[in-house]
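Both complexes below contain chain A, partnered by chain B and then by chain C.
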Partner chain A sequence: MRKHGDALLTAAVWLATALVVGAFLWLLGDVVIHGIGKLDAAFLLDAPQNAGRDGGIAPILVSTLLILVVALAVAVPLGLATAVYLSEYAAAQLAKPLRVCLNMLAGVPSIVFGLFGNALFCVALGMGFSIWSGGLTLACMMLPLFIVTTESGLSAVSSEWRRGAAALGLSRAAALWHILLPAAAPAITAGLMLSIGRALAETAALIFTSGYVDRMPESLSDSGRALSVHIYDLSMNVSGGDAAAYGSALVLIVLILAINSVAVNLTERFLQARTTA
Partner chain B sequence: MSNDNPTDRNPCSYTLGGIEQGAPCCIPVPHIQVQDLAVSYHGKTVLQGVSLDINKGCITALIGPSGCGKTSFLFSLNRLNDLIPGSRVQGSIRMDGAEVTAPDCDVMALRRKVGMIFQKPNPFPLSIRRNIEMPLREHGVRQRGELDARVERALRDVGLWEEVKDRLDSSALALSGGQQQRLCIARALALEPSILLMDEPCSALDPIASAVVEELIRSLCNRYTVVIVTHNLAQARRVANYAAFFWMTERVGRLIEFGRCQSLFDHPSHDLTAAYIFGTSG
Partner chain C sequence: MQMISMEKKWCAAVCVGLSLCASAWAGGNKLVLTGSSTIAPLALEIGKRFEQQNPGVRVDVQTGGSTRGVNDARTGLADIGMASRAMKSDEAQVLVAHRIAMDGIGIILHQKNPVKNLSDEQIKQIYTGQIGNWREVGGEDRKITVVNKAEGRSTLELFLHHFQLNNPDIRAHVVIGDNQQGIKTVAGNVGAIGYVSIGTAEYEQTHGTPIQLLPMAGVGASVANVREGKFPLSRPLNLLTKGTPTGLAKRFIEFAQSAAVDDLVTAQYFVPLAR
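Then we have the complex of A and B:
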């Protein structure tokens, strides 16, 4: 009896895994098959023509990266500081409600962030449709997720190290810098990856803030079209834009995978260097 | 009996008189003077009315059943209680003439002077060398030559130098449990403390590693004032010059008896001590 149950459970687990992996491979295969034909140097280096049906995506790639850089430059330091405050300094009575709020914010639909960003950055602060507005809106969107993952990473660090550091007369800052943050580095990287993934996939929030001008941006105050917005526009508003949409989607996926593997690699090297130097 | 002041029946505070046996460290000069110490968590008292003098250069063992407040007592000696939300320490602890419980006590300096070893070895996820170097640097030792010398001296003091000198730059987490514990002791010794607190330092180790660490602790006698919590009465007997017996009455931990190790174990003056010692040692 028990043996049958075990076999059944194993089969169920395998099936579920196969379904998930299968669905992902199908999606990936679809994008690769349809998009690979578009992919060449010209596609990456040329400006779009004919509403994106022809030409390339150079200005769109540049805008995407600029928006991402603005978002990360704001979200990472702010998020790290908040996570450290929550896990190491805040009293429990304060940290608890803050955590609830963050979790709620992390679940707010992106369109809401888009409207908020539009009202605050574009209108109230007079930034208009610009890379600044888009990047700052994305930063607001990333922050809750990044803070929550970083904080849980910090809290998961063994309290024995925390205690050991205190018992050696180390300041909290020293313990954080030498022990806690490095030990939480994998969690911080994971949070960063989730945030970057969410940012690169974001469409709704960006349409309202960084806009959809597909020219090469000349400064951060220019409007710029993000890759995801470009894909959305090509597949929804441009008839005959499917091939270019698939090509752009493939570039987006490769971009995310590349950023991911570089980040994981750097974290590993950093940790390796720390334990052995 | 819960209302007795434990010091009243304390057979020997630091005015002990001559030394009958044990290392010559035991010229009874008080190093830590604890007066009427009480510890509570979230308003619930777990330790009360503890008064004793811990003598300089001696090894003092704290024994007693689980939950009677030995760790709480130890933590209050280097203000590690500050880290535990809701904990409160009352009473007086004087160390080298300064009041440890005072709000203006320099906690960082205090903890540098009072090293602590925990039950579970807790080397940092750094190399062996950096485990010792990093706290030294944080306390202002910057010169390469002096750092190297201090690392080597600390590792030699704990008998680890020969074992690790060729792999100082590899991870400390790859060491065995016993080696890790000795590294933790070396890390504390490198800061040149005068007092060492040890909370069951051998209980997570196998018997052989435990014997090595025990021998190391014995070698600290005379040079450091050591306060060690142990559940192993035989070990307390082997390493300690003094012993303090804690017991819980009405869910509050108290110091029942304090005295020379030999006399406390051979002729306990309190029934509870006798019951605990003879009951648990067979």
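Then we have the complex of A and C:
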């Protein structure tokens, strides 16, 4: 009886895994098959023409990367500082409600962040449709997710380490910098990857903040179309835009993979190197 | 709640500094257009050609729907609004509409659906759920899948207005956002009925997408009939300005209405103005 149960469980687990992997491969295969024909150097280096059906996606790639850089430059330091505060400084009765709020914020639909970003950055602060507005809106979206994952990583570090650091006469800052943050590096990396993924996949929040203009941005106060917005527009508003949409989707997937591996490398080199040094 | 307000304060603090730089960079020779996602790709192309002919000028196009175009033109957030529908009477008091092209809305069915004609009354009954099977209008024994547009789309407003329907009365099985999505939904479901821009539908049809366009009141759903104003279910694509346009906005609108952009209008599957 027990043997049958085990076999059944094994089969169920395998089946579930196969389904998940299969769905992913199907999706990836679909994008690759339809998109690979569009992908060449000209597609990456030219400006879009005829509403995106022809030409390439160069300005859109640049805008996407600029938006991401602004978002990360704001979200990473703020997020790290908040996570450190929550895990190392805040009293338990204060940290608990803050965590609840963060978890709620992390689950807020992106369109809400988009409307908030439009009202605050574009209108109230007069930044208009710009890469600034888009990047800052994304930063607000990333923050809760990044803080929650980083903080859970810091909390998971054994308190023995903190006491050990104190016993050695390390200052709080030195203990953080040399022991706690490096030890939490895997969690920080995971938070960073999730945040980057969420940012690059974001459409709803960016239509209302960084906007629709597909010109090469000249400064961060220019409106710039993100790759996800471009894909959305091509597949939803532009007749005959499917091929270019698939091509752009393929570029987006490759971009996410590339940026994530760079992020993993950097965090590991930057933080973990010091635990062994 | 404390967290939320703290986060806002941080963002605000960072941004006050940034916005100072941002406003200092904003140029003078810039036109901002917002509104209809139907017009946006066309406006973008017209804008690019206008920029080429007027060095130093920038035309920024943003989307968000016709209602947004109306509001932004009214509040001055945009120099020019875009709306893919005629002005409502209260809007016409403040805004001036400048037609740049025509768009027709056609009822689409799957190509394999043997039904070739529906009266306005039948379409109305299908959309309100009184007719639920194609058998009742002379087709096969198959359940009807009603595809409706999402709230806020000007196509929806035009459709409701023409058939004298209220959106809550519609019994939709699928709610879609844009033309392409509507076409994909109908092409993938033999029992579906939907409505989309004729230009888009005609393009997809000639490129092998399995859909058919139904005639309305005996008039074939074609780009030619929309241009001549014969087709009952058609709409103007308008640029909106608060009062009479001047300066750059005036020049852009005159350009967008000229024969110099007819090729761009056609390339977006819309119908150029009859001149």
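For the reader, a short list of remarks on this structure follows.
Here is the rule we go by: the second predicted complex is superposed on the first by the 266 of 277 C-alpha atoms of A that agree within 3 Å, B and C clash if a C-alpha of one lies under 4 Å from a C-alpha of the other, contacts with A are read in each partner's own complex, and residues count from 1 in each chain.
To be clear about the criterion, a contact is a pair of C-beta atoms (placed from the backbone, for glycine too) under 8 Å apart; a residue touches a chain by one contact, two chains touch by 3 or more.
It should be emphasised that the depicted structure is a prediction, and the values quoted were computed from it without experimental measurement.
After superposition onto chain A, partners chain B and chain C are found to sit side by side with no clash. Residue contacts after overlaying the shared chain place A:236 against chain C, while chain B stays out of touching range. In the superposition on chain A, A:45 contacts neither chain B nor chain C. Applying the stated contact rule after C-alpha superposition, one finds that A:20 touches neither chain B nor chain C. Of the two partners chain B and chain C, more chain A residues are in touch with C. Once chain A of one complex is fitted onto chain A of the other, the partner contacts of A:112 are absent, as it touches neither chain B nor chain C.
Legend: residue contacts after superposition of the two complexes on their common chain; A:161 is shown touching chain B, with no touch to chain C.
Legend: residue contacts after superposition of the two complexes on their common chain; A:174 is shown touching chain B, with no touch to chain C. Using CA centres, the angle subtended at chain A by chain B and chain C is 160 degrees, rounded to a multiple of 10.
By the touch criterion defined above, A:257 reaches neither chain B nor chain C.
With the two structures overlaid on their shared chain A, chain B and chain C come no closer than 23 Å at the level of C-alpha atoms. Within the complex, the chain C residues that touch chain A are 1-4, 7-8, 10-12, 14-16, 18-19, 21-23, 25-26, 32, 37-38, 40-42, 44-45, 58, 60-64, 77, 177-181, 199-200, 203-204, 207, 267-269.
Taken together, the chain B residues at the contact with chain A in this complex read 78, 80, 83, 85, 107-112, 115-116, 118, 120, 122, 124-127, 130, 134-135, 138-139, 169-173, 184, 187-188, 191.
By the touch criterion stated above, chain A contacts chain C in their complex at residues 50-52, 74, 78, 97-98, 101-102, 105, 120-121, 123, 125-130, 132, 136, 139-140, 143, 207-208, 211-215, 219-221, 223, 233, 235-241. The touching residues of chain A, when paired with chain B in their complex, are 91-92, 158, 160-171, 174, 178-179, 182-183, 274-277.
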